[in-house]
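Two complexes come next, and they have one chain in common, subunit A, joined by subunit B in the first and subunit C in the second.
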Partner chain A sequence: MKFEIQQEEFQKALDLVVNVVPAKTPMPILTCVLMEIVGDRLSLSATNLENSIVTSTDQITVKTEGKIAVPAGKLVPFVRSLRPGKVSVSTKDQDIQVVGGKTRLTEKTMKADEYPALKPLKEKNGFAVDGRILVDMINDTSYAVSRDETRPALMGILWEIRATELNLVATDAHRLALSKKAMSWDAPGDKDLIVRTSGLRHLPKIVAAMAENDEGGHPITIFMSDNQLSFLCGDTILHVQILEGPFPDYHAVIPSDNDKDLTVDKASLIQAIRRVSITADRMSSQIRLGIEAGRMELSARGTDGSQSEDELEISYDGEPLEIGFNYTYLVDILKNIRTESVTLSLRDAQSAALLRPVGDAGEETGVLCLLMPLRLAGE
Partner chain B sequence: MQPQSETSRIQLLDDATIDRIAAGEVIERPSSVIKELVENALDAGAERITVKIEDGGLTSLSVEDDGFGIPFRDLPLAFERHATSKITAAADIMHVGSFGFRGEALASIAAVSRVRCFSRTGDEATGGMIEIEGGEIIRREPAARNRGTTITVEDLFFNTPARRKYMRTAQAEKRAVMKTITRMTLAHRQVRWLVMSGKDTLLDLHPAASLTDRAQDLLGATTVDHLARFSFSKGGFRIRGLASRPTLTRGNREHQFLFINRRPIQSAALSHSIAQAYREVIPAGRYPVVIAFLEVPTGDVDVNVHPAKTEVRLLLEREIFGMLKKSLQEGLSLRAAPELQPWAGPDEAQPGTDGVRQAQDDFLRAHFQRGGSAGYEYRGVPAGQGELFGSKAMQPGGESSLAADSSSTGSESLNSSPFWQLHRTYIVTQIRGGLVLIDQHNSHERILYNEAKRSLGEKGLAVPTQQLLFPSHLDLTPGQIQAWQNHADQLAAMGFSIEPFGGQSVLVQGLPASVRNWNEGQLLLDILDDLAWDGDPAQEDRRDLLASFACHGAIRAGEPLTVPEMQNLVDQLFATDSPLSCPHGRPTLIQFSLAELEKRFGRI
Partner chain C sequence: MTGRGDSGSLPVLPQENGWPRSIIHVDMDAFFASVEVLDNPELAGLPVVVGGTPEGRGVVAAASYEVRRFGVHSAMSAARARRLCPRAVFLPPRPERYAEVSRAVFGVFADYTPLVEPLSIDEAFLDVSGCRRLHGSAVSIGHVIKNRIAAEVGLTASVGIAANKFLAKLASDLEKPDGFVVIAPDEAPALLRGLPIERMWGVGKAAARQLHLHGVRTIGDMLVIPETVLSAKFGVQAARWLALGRGEDDRPVVPAREAKSIGNETTFAEDITDGEHLRGICDLLCDKVAHRLRMQGVVAGTITLKARYADFTTHTRAATPGHPTDSSVEIRGIVHDLLENRLGRRGRALRLLGVTASQLSGPRPRQPGLFDGQGQDDRHRRLDGVLDRVQERFGPLLRRGPGKKADKSRE
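Right after this comes the complex of A and B.
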């Protein structure tokens, strides 16, 4: 294999795929990037067996075709360190040589045949969607996934694909985030999939690297197969593993009878929580919100007797209520809300709280978060 | 030992003494009496077996069956040593299909207790009874009874006080009895079992059509959902049974049931073979649920190693070892499923913490590059390689440039003291005048223990309960139900919100806020297992409950921790009143003083 490529182009392609290269793996071949030239295109692939990224470019000068697996460990930092300009890549026996100007890297390659084969896409069943909408929806939900490896399904994001709608849901059994968007697309019927979150987290970077189309959109195409969801974004394809369910029935836990609605400035609430959390009990991370007409009192009491309070103005005229939360969950949700105001809907100290971002004009954003309270025993 | 006096001469022991010595071999405690009596009942073809115990069987125990019965004229003979209906010559021993054959069980029991036996065979018009005390026949007379045998054993070891002293509490004996009977009910599903302790019904089992049905009675539907069948046969050997997928594990081996030719056995080799089969797919210190029936040609197994027959000697142990392991691995696909691959450490799945951990790993890599520990072996390169050795990433807890969004909020204000996690087990940190190595499991155990103890002791300090979005629905075993009922108040004070949900089920609505390892209810099941069959909670039991909660709820070795988590753990540990040891007495930390280090480096 032998080709020439501009340094910027080479680095951009490597940067796209290298993120899935596993840092630790029992299979050494997975530490490689697979490089292949067919015709006048160079394609680069990387996989950790769960998620895979393939990108390709024709901005190269092909001397001879070929297929090699190169450990990413030295290749990627080396290419990044090169000055802009022409880079030539060639192989000799088991070695690859990368030359940019007077700088040269020689590295052993591994057997390309041992690299796990990626399934080609079936072009027929794809459907188009704007990538930025998906990126927003993933950002609105992914923080709420579980990190508990004993419940793999909760480590993924549920995709409810409908004819005119897409719902993304993530939960760790204490909190839940839902993003609902109307879609005008050609989705092939109703489908519920649990998609590996670690894979979806690559999508923002890939979409950001895409060229915009004439209308400023980022058109991407989604392909569904039995065990993966694939995103074709320009010259790059991201394959993400589909996890086995069941996903808990989240519809049943979204409360419909929370009657105490209040609106609060998000930034002020986060700051107030941070202030009182200093005295929160380390084990439970509990803070209390006391709500009454026009004001919210936040307080936290440590087991050592220390205590702190703070107060916020809120728009509320209902019954008073006192409710406890794990403040780390609450801050987590608030930080991931993209609007400046947020509404809280509560019922009582034992029932789930609903948080919704509110747009400047008070419009719904389709995003909904749920948080279970932290209850003192005996209350 | 006292030197023997000159007058003591070698002489033959009288029969009563021989019987008492021999009894100690077969009869160790009430559960071994029950095992012998139930085996006799099974050998007699019983379809219905009722076991009753008082005070764990120490005061009284009885086994009633509807089997063949013993003819009236044979009643005294039944309690003679080496009287048995099961073999007639030594050669038969290697081909025993029945459970008993040594002919010493009844004689041994009768030698050390007060025994009453009522029995009638199908042919007799009336039955008979015999009463024996310390091996002496006291009474023998005709008595009315349905077909079958009832043997009542009272005041076990009344005439061997030394042995009696070794009996444990009634509760411990009851637990041992339940363990013995549970094993037998698994192997004999055709039998209708009833087990009573005083007035309480402990087990009431109808004949079960399949092993799965019986397992459901004993282990609960939740557990059974996680079980898969496995089977294997080769030559005259056959292995079949049920075993849990790696999604379900227990904190001890209590739920591993091994049978050879339907005889419950213990075998370190076979237990080890199970551990080997599950190695790398379940965490260390966790055990799968396994019910395995091995059928081996009767000539290949020697059950006559010990009178109690729970230890067996297998002629082809290594082959059987391999077969069990293979049958489990194949039956449960322990090697095939993708989620069961050896865990290679955190990948890009955890943004926010990776930067920090990466920096840690890099630090260790730089310092221990030749170290053979797989955990820190240098393989591949993540994104952002160029920045990793920069000063920013090297600072633990600093906002790493790799972290897309930080999931660990709230504890941003870290002090400058560094924390490193070694081998995902130990935390290293600097203290004034030296460094400490902290065991993450032991220290979290101490923290949980003290917190739960405080919440039980003082009313105002109840632990907050984190309500669950999806309440956990758990099916309990009979033993777990009893443990829950006995400890309901304490569990509530500790922060568990548990409600009955009909039958053997409960619904868990909330958990102690500090619990890390809920694992869909596994934590509670483990705690209840530890307390199963215990009586009312005394002060001592409360300690058991607390220790069990702390042990099962604590962070395990092997769990990755973020820097804020480590800092939190260390701070909490030093806030407890006894930070230097875990509730079991193991140390939580090891300290190295600067003076010691300086000495070892030859500086002073």
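Right after this comes the complex of A and C.
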């Protein structure tokens, strides 16, 4: 294999795939990036067997075709460190040589045949969507997934694909985030998939690297198969593993009778929570919100007897209510809400709270978050 | 040094200025029974038994002084108590209420010193060595605490004051109930010499029997024995006994949260190799520890398994649950894992197993889940509550089954 490529183009392609290369793996071949030249295109692939990324470019000068597996650990930092300009890549026996100007890297390659084969996409199954919509929906939900490996289904985001709608749902069983969007697409019928979040987290970066089309959109194509959801984004394909269910019945827990609605400035609420959280008990992270007409009182009491209080103006004219939350969950949700105001809907101190972003003109954003309050032991 | 303690409203005993430390031991009088009388004044003067049933099931948790005259005491079976005092009033225990009153009492302590070491729900050591300038002498602080508990909580406490923990505890017991006794360092030796050896801290029934065989009935009897002779017979504890016997005790007052743990251990009649059998014993120990955690309203951040092999080598393994727990099922799960995967027993026989819960903390707010109705956790927590109430009423008759685990392949 022998080709020439501009340093910027090479680095961009490597940066897109290198994030899925696992830091630790019992299979050394997975520490490699697979490089292949077919015709006039160079393709780079990486996988951790759960998620895979393949990208390709024709911005190269091909001397000879070939296929090699190169450990990413030295290749990627080396290419990043090179000055802009022409880089030539060539193989000799088991070695790869990368030369930029007078700078040269020689590295052992591994057997390309041992690299896990990636399934080709079946073009006819695909359906198109604007990538930025998906990126927003993933950002609106992914923070709420579980990190508990004993409940793998909760480590994924539920995709409810409908003829004219897409719902993304993430939950760790204490809090939940739902993003609902009307879609005009050619999705092939109703489908519920739990999609690995670690894979979906690559999508924003891939979409950001795409060239915009004439209308300023980022058209991407989704492909569904039995065990993966794939996203074709220009010259790059992201394959993400589908997880085994069942996903908990989230419809059943979205409250419809929370009758105490209040609206509050998000930034002021986050700041007030941060101030009182200084005295919150470190194990439970509990803060109390006391709500009454026109005002919200925040307080936290430490096990050492320390206590702090703060107060906010809110738009509310209902009955008073006192409710406890783990403030880290509450701040997590607020930070991931993209509007300046937030609506909080409550029923009582035991029932899940509903949080919704409020758009500038009060329009529906399709985003909804749930948080269970804390209950004192014995209550 | 003059003038220290002048701010106190009560006279300062001059000799207190020479004390190495000032320790107060406060012990509530017949605590559970007194709380019941406090809440039901018509019971005043009656023989009250908390725990057990009038039908004679269960165990006495507490007995009022009226009923103690008949020989009834805590840990006695309710059946026996009823025979001793047929007209006794039996009441079910109300742990939440006792905890509430206890918090009020400990709230009084906290006004005088941060150095409060609770021994149980109704008993604590206070180190007031550093607060004499602020609050007056230990004697005046002791008086104020005793009066405030009577006025604000409505209960009597016995107070002992001395220069160390051993003597302070001894003092509170001397004139119980409603006692107030100060033992100055120079009075201690004479007082101690006449006391039966059983009154010494660390001397249990077995040790007392051994000491009796050597003609030691009082602390004074023990003090005349040379240390080498006593050590040869009783090992390392001999030196500690002699120091205590002279009225010396340098144990510090350790505020609650650093030191406390709840544990149960059992030595087997015969060494045990069978894994299933050992798991069953662990389950029993875990259930006991979890029950005690729940009765004290605390959760544990660390669970420790102690195992002693037939050759007396002892190993401990500890684990930190994902969140502090008082759940029988969770503690069983942790201990099973320690026993099977962390201990490295490899089929060897054991003679002792122990389970200890430590890193204890007060009741924490619980984070309920969105899907709790769809899962198992809630059911286990409710079962814990039911078993606790059964145990309160009838004693430890019922217990959880072995659970679903039936993995015998490891052994």
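In this section, the second predicted complex is superposed on the first by the 376 of 379 C-alpha atoms of A that agree within 3 Å, B and C clash if a C-alpha of one lies under 4 Å from a C-alpha of the other, contacts with A are read in each partner's own complex, and residues count from 1 in each chain.
By definition in this document, a residue touches a chain if its C-beta (ideal position, glycine included) is under 8 Å from a C-beta of that chain, and two chains touch if they have at least 3 such contacts.
Not measured: the values here are computed from a predicted model.
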item: Clash or fit (per the criteria above) of subunit B with subunit C on subunit A; value: clash
item: Partner chain(s) touched by A:Gly131 [first = subunit B, second = subunit C, both, neither]; value: neither
item: Partner chain in contact with A:Asn326 - subunit B first, subunit C second, else both or neither; value: both
item: First (subunit B), second (subunit C), both or neither touched by A:Leu374; value: both
item: First (subunit B), second (subunit C), both or neither touched by A:Arg151; value: first
item: Subunit B versus subunit C as contact partner of A:Val21, first or second or both or neither; value: first
item: In the superposition, subunit B vs subunit C on subunit A residues touched; value: B
item: First, second, both or neither for A:Gln286, with subunit B first and subunit C second; value: both
item: Touching partner for A:Thr171 - first (subunit B), second (subunit C), both, neither; value: both
item: Overlapping segment of subunit B (options 97-105, 313-321 or 529-537) - the one that collides with subunit C in the superposed model; value: 529-537
item: Intersection of subunit A interface sets (partners subunit B, subunit C); value: 171, 173-176, 248, 253, 281, 283-284, 286, 303, 324, 326, 350, 352, 370, 372-378
item: Residues of subunit A that touch subunit C when the two form their complex; value: 171, 173-176, 248-250, 252-253, 281, 283-284, 286, 303, 305, 324, 326, 350, 352, 370, 372-379
item: Residues on subunit C engaged by subunit A in the complex (per definition of touch); value: 96, 110, 297, 299, 301, 323-324, 361-371, 374
item: Subunit A-facing residues of subunit B, complex; value: 247, 338-339, 341-345, 347-351, 358, 361, 375, 377-383, 385-386, 404-405, 407-410, 447, 451, 455, 459, 461-470, 492-495, 497, 510, 513-514, 518-520, 522, 568, 571-572, 575
item: Subunit B contact footprint on subunit A (complex, rising order); value: 15, 18-26, 28, 30-31, 48-50, 71-74, 76-77, 80-81, 143, 147-152, 155, 171, 173-176, 197-198, 201-202, 248, 253, 274, 277, 281-286, 303-304, 324, 326-328, 331-332, 335-336, 350, 352, 370, 372-378
